[in-house]
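Dropping a structure here in structure tokens format, bear with me for questions.
Letters A, B, C and D mark the chains as written, and numbering starts fresh at 1 in each.
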């Protein structure tokens, strides 16, 4: 950006400017207690952000240990086979249940959703806090299993292995059960908020697309998570009481467990990706300074994905002993769920067309998302095709596909959203240069790590393997180098953001030129979000805002004929 | 249809897939592999096309429409275009349906064995594979004849395992409590790797075995010879083999640690403490009785859970096992 | 805090109507999650019953139909008193509300008592789930069957199950392993009867836990009702507790015929 | 005031919310439910061929609808609440039907009575 004037005009700005010095939600009430018992969605969102990023760090450490072990094909002094098995289980469980499922909805969603709605809070603030503490409880129980016998079942807990292993499956499963309730309550809160708290002027089809994404996610959380709950309860009963519903040794059916598990866990990947798509929809419009292209198609595609995602769980079971008939149905539906995702990608591209594209850090994450999610989505076609799936199932190809969608999609969008809303959260701008360097390193490191795994997988390397045939060593070494690069990139991102908290330039109310409601209040927002209840207009009317060099941010254009009203 | 597949396969197949294995796929060891690889390359080229399209448009837009001044505005352009939306919804639908149909029909073929196929019973257990041939011979590797359809009837003894031969593009989970079937026709003599792909615990990544594809006639010779291992091997060697392949090793270790049953190490010729305070000398008769009537004498500290091997092991085989036990000092 | 906001309305709602509707919608969504939670068990039921109908037909006879029917009636009555209680709360009939809540809780306790009798009976008979199933199932009356009595097997520790592979029979014999009609037609108890009791105990057990949870919630309502907290303008908690209680009834309405009235 | 202390307003002069169901309706529903319970027990004693399960389920569904419509006020409520509930039922049916479809298709592969860890 050329010519950013960093001086802020302190006086006479009124609402909508930097509020670091004055009353804002961060200064509204002091002391630890005012945080721990807060009902303010913004504070709860921040607490979520802290614990979720800590989980990300923990899961990342497990990943680095795994990748380091895999530098050599044989035994390793770093860890033995059992420890390795526990490592990949913990990496999966922590990343999925603790980080990525609550990541965008609970952390970013909690902070942003009421702001986007022009509301003062979510519908049930106390349930919101309860949901946070359920998360904490669940996380403590689940991580407690590390001390009492870290689980080695893989995050999928397949029976009968999970009923016979001597590790502490019950603790992990009970923890995930509690986390499930946290997720359900978050979803419930968001659905009711979106239904009942929309401001004047915000019809369903004038909602920001991030809300559509969150709404789709919330439907999934509500409809799918209870099934996970009962599955885990039955698994606990299986281990503790020998109930015999999933354990073939007692006359049960292990394939039924897989149906139960994937009925939740497939929609769960859409719980992870839908809000990410919502973030991308916001960002691509703002940073192209152009109205989003094909709003209704993107909105409908979110709901289409949410519904279709319930119909495809069987594609995790193509080689597991599922019948041919079910395989055919699930394969077909799997291909159908690709369509709405493709539609979104095309719409985002069309939004960029003839735009005015600002390559700020969040936009770099958008471009990164389009690239990585493109690969992640297209490799889904390989896995959806039954005959090819037989070869690729349970190989590194699946690992790579999953990471391209979940990291390349969700985490990249999460980082983009974090950089986008960071000024609003803390009232500070981060260093743009380091932000970009971080984004670039993450992109390069990620591709090096996981693209190699596509090749390795299609060459036939089975996943979850402590030992591997030495033919695959070059791939593994390259992948590990990529993982280290990725880690360095993430450290740069973290340091840059943390640094900004203390040294960052005070952020203007609207640093990016967004037209959604959260940019119409000060950065950071006051305790009640808005001094007066705002009236919602078109959330993508970004052209109504113009850059004002004096404040380093965007201000609303004056009606024609008058000078800008800053 | 078939001709169409053939044609598309030829057109696309050359670049990414070769019979000897290429950048993406390993060597093609079976008829199924050829079919799978064709679909793989179709999907690959469709993906490459769309990926290049998306990324090059993205890069082009970024370069062409880059914001040079903070006040720059977007050039006015439509906010939606229903025709365009419908087009880019419909085209992918058509493409994925083609991929689905082809993938499914090939999958059906991979799953329905020809009537005349040669059946082998595959048993997965922690952590090895056992292959039982129609003659009753049990082996730790899968031996087959080239160009012969072989169907595998698979089950598991404990947890779920995954039977995977990358060169044959063949994979199926092996589930306890049920039989699943798979088949293939190997096209080239040689040795191919077998993995376990369904995570099954400590030794999951060691559950390797080989498919040995014999020249015509070679398989029969091998089976003949292998089945006669009692004659061709020394009794102790044969006994060792029986202990491994007939399930003894599942409960009885040979390294001194107790499993479900007592260890075999330093067993023969010593006194054995029995349940109820008695002892018995571990001689030929004791071992024979323990195999045929396992409940007759229970070793102190162990559960009486061993099934009888009456009718499952011949006299000669029991003798071989005894000879083997003698060597475990 | 804006000055014009009514005192007892949460600060983020504009009207009482909005707040009431939000609470109700939230509760209905919660009930939806309950449906799917039980849905898993109904699914397990459906799968096992449709594959092994003979197990269900055989084993349901061990359940006490009369007690089941009585319990159904008890829950329906409690639902009625609950619905009536909500009505009284809405109309501000304080004493009636308290009495009806007490009646509802008493009926719930009655339900649990009857359930306890049933469980105790099953426990005595050893009619339990998987690992603990130890009932000696009787041979049906009639001419002695050709079915061989199983050889007496020694005490068995299920945790140390045998890992011995089956006798190496050639795959030729495998063809006979198809679906055997022996179960449905042959006399004597079918195999895997314990599956029915696993389903029975998980379904009624989870339902029982919900009854207990419902009693706790109703007790809380009772405490608040005695303090006179509810009236025509504030009855949402009673209403929501009522919705939950009716759902518990609703699930039992399905459990009863599915478990007790099989034919 | 402390935020969200009260879930609903109380003692506020506002329009009353919710619908009061007449006692007669409640009592009638109660009677109907008990009658249907008796009916389903009676019907269970009669062999209706292959429709036993269907009839039992039909009666149960009828009873459940009465509870939903009157005891749970669905008839008088916002349609959205009913939509939520029906959506849950649809997802449940989807789950059961696909799981059933598959388990039926692979049932012939199961080894009958396989339960090695069970004491016989």
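Here is the rule we go by: a residue touches a chain if its C-beta (ideal position, glycine included) is under 8 Å from a C-beta of that chain, and two chains touch if they have at least 3 such contacts.
Only a predicted model underlies this, so the values are computations on that prediction, with no experimental measurement involved.
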(message) Suppose chain centres are the mean of their C-alpha atoms. Which chain sits farthest from chain D?
(response) B
(request) Select, from A-D and A-B, the pair of chains that is joined by more C-beta pairs in contact. (result) A-B
(message) Averaging over Cα atoms per chain, report the distance between chain A and chain B in Å.
(response) 36
(message) Can you compute the centre-to-centre distance for chain B and chain C, using the mean CA position of each chain? Integer Å is fine.
(response) 42
(message) With centres defined as the mean C-alpha position, give me the chain B-chain D separation in Å.
(response) 45
(message) I need the residues of chain C touching at least two other chains; which ones are they?
(response) 1, 10-12, 21, 25, 29, 32-33, 35-36, 39-40, 43, 47, 130-131, 133, 155-156, 158, 161-162, 177, 191-192, 194
(request) Could you list the positions in chain A whose residues touch two or more of the other chains? (result) 121, 124-125, 195, 223, 227, 244, 247-251, 253, 255-256, 259-260, 321, 324
(request) Pull out every residue in chain D that's touching 2 or more other chains. (result) 3-4, 80, 87-88, 91, 95, 99, 103-104, 106, 109-111, 113-118
(message) Which residues of chain A touch chain C once you look at their complex with the stated criterion?
(response) 114, 119-125, 127, 184, 188-189, 191-192, 195-197, 222-227, 229-231, 233-234, 237, 241-245, 247, 249-253, 256, 259-260, 528
(message) With touch defined as at the start, can you tell me which chain D residues reach chain C in the complex?
(response) 1, 3-12, 14-18, 20-21, 23, 26-27, 29-30, 33-34, 37, 40-41, 44, 47-48, 52-53, 56-57, 59-60, 63-64, 67-68, 70-73, 77-78, 80-81, 84-85, 87-89, 91-92, 95-96, 99-100, 103-104, 107-108, 110-113, 115-120
(request) Provide the residue numbers of chain C that touch chain D in the complex, in ascending order. (result) 1, 6-12, 15-17, 19-21, 23-25, 28-29, 31-33, 35-36, 39-40, 42-43, 46-47, 50-51, 65, 69, 72-73, 76-77, 79-80, 82-84, 87, 90-91, 130-131, 133-134, 150, 153, 155-156, 158-159, 161-162, 177-180, 182-183, 191-192, 194, 229, 231-237, 239, 242-243, 246-247, 249-250, 253-254, 256-258, 260-263
(message) For a test of understanding, state which residues of chain B touch chain A in their complex under the given definition.
(response) 21, 23-26, 35-36, 39-40, 43-44, 46-47, 50-51, 54-55, 57-58, 61-62, 65-81, 84-85, 88-89, 92-93, 96-97, 99-100, 102-104, 106-108, 110-111, 158-160, 162, 164, 166-167, 169-173, 175-178, 180, 193, 195-206, 208
(request) Could you pull out which chain A residues touch chain D in their complex? (result) 39-40, 121, 124-126, 195, 223, 227, 244, 247-251, 253, 255-256, 259-260, 263, 310-311, 314, 321-326, 329
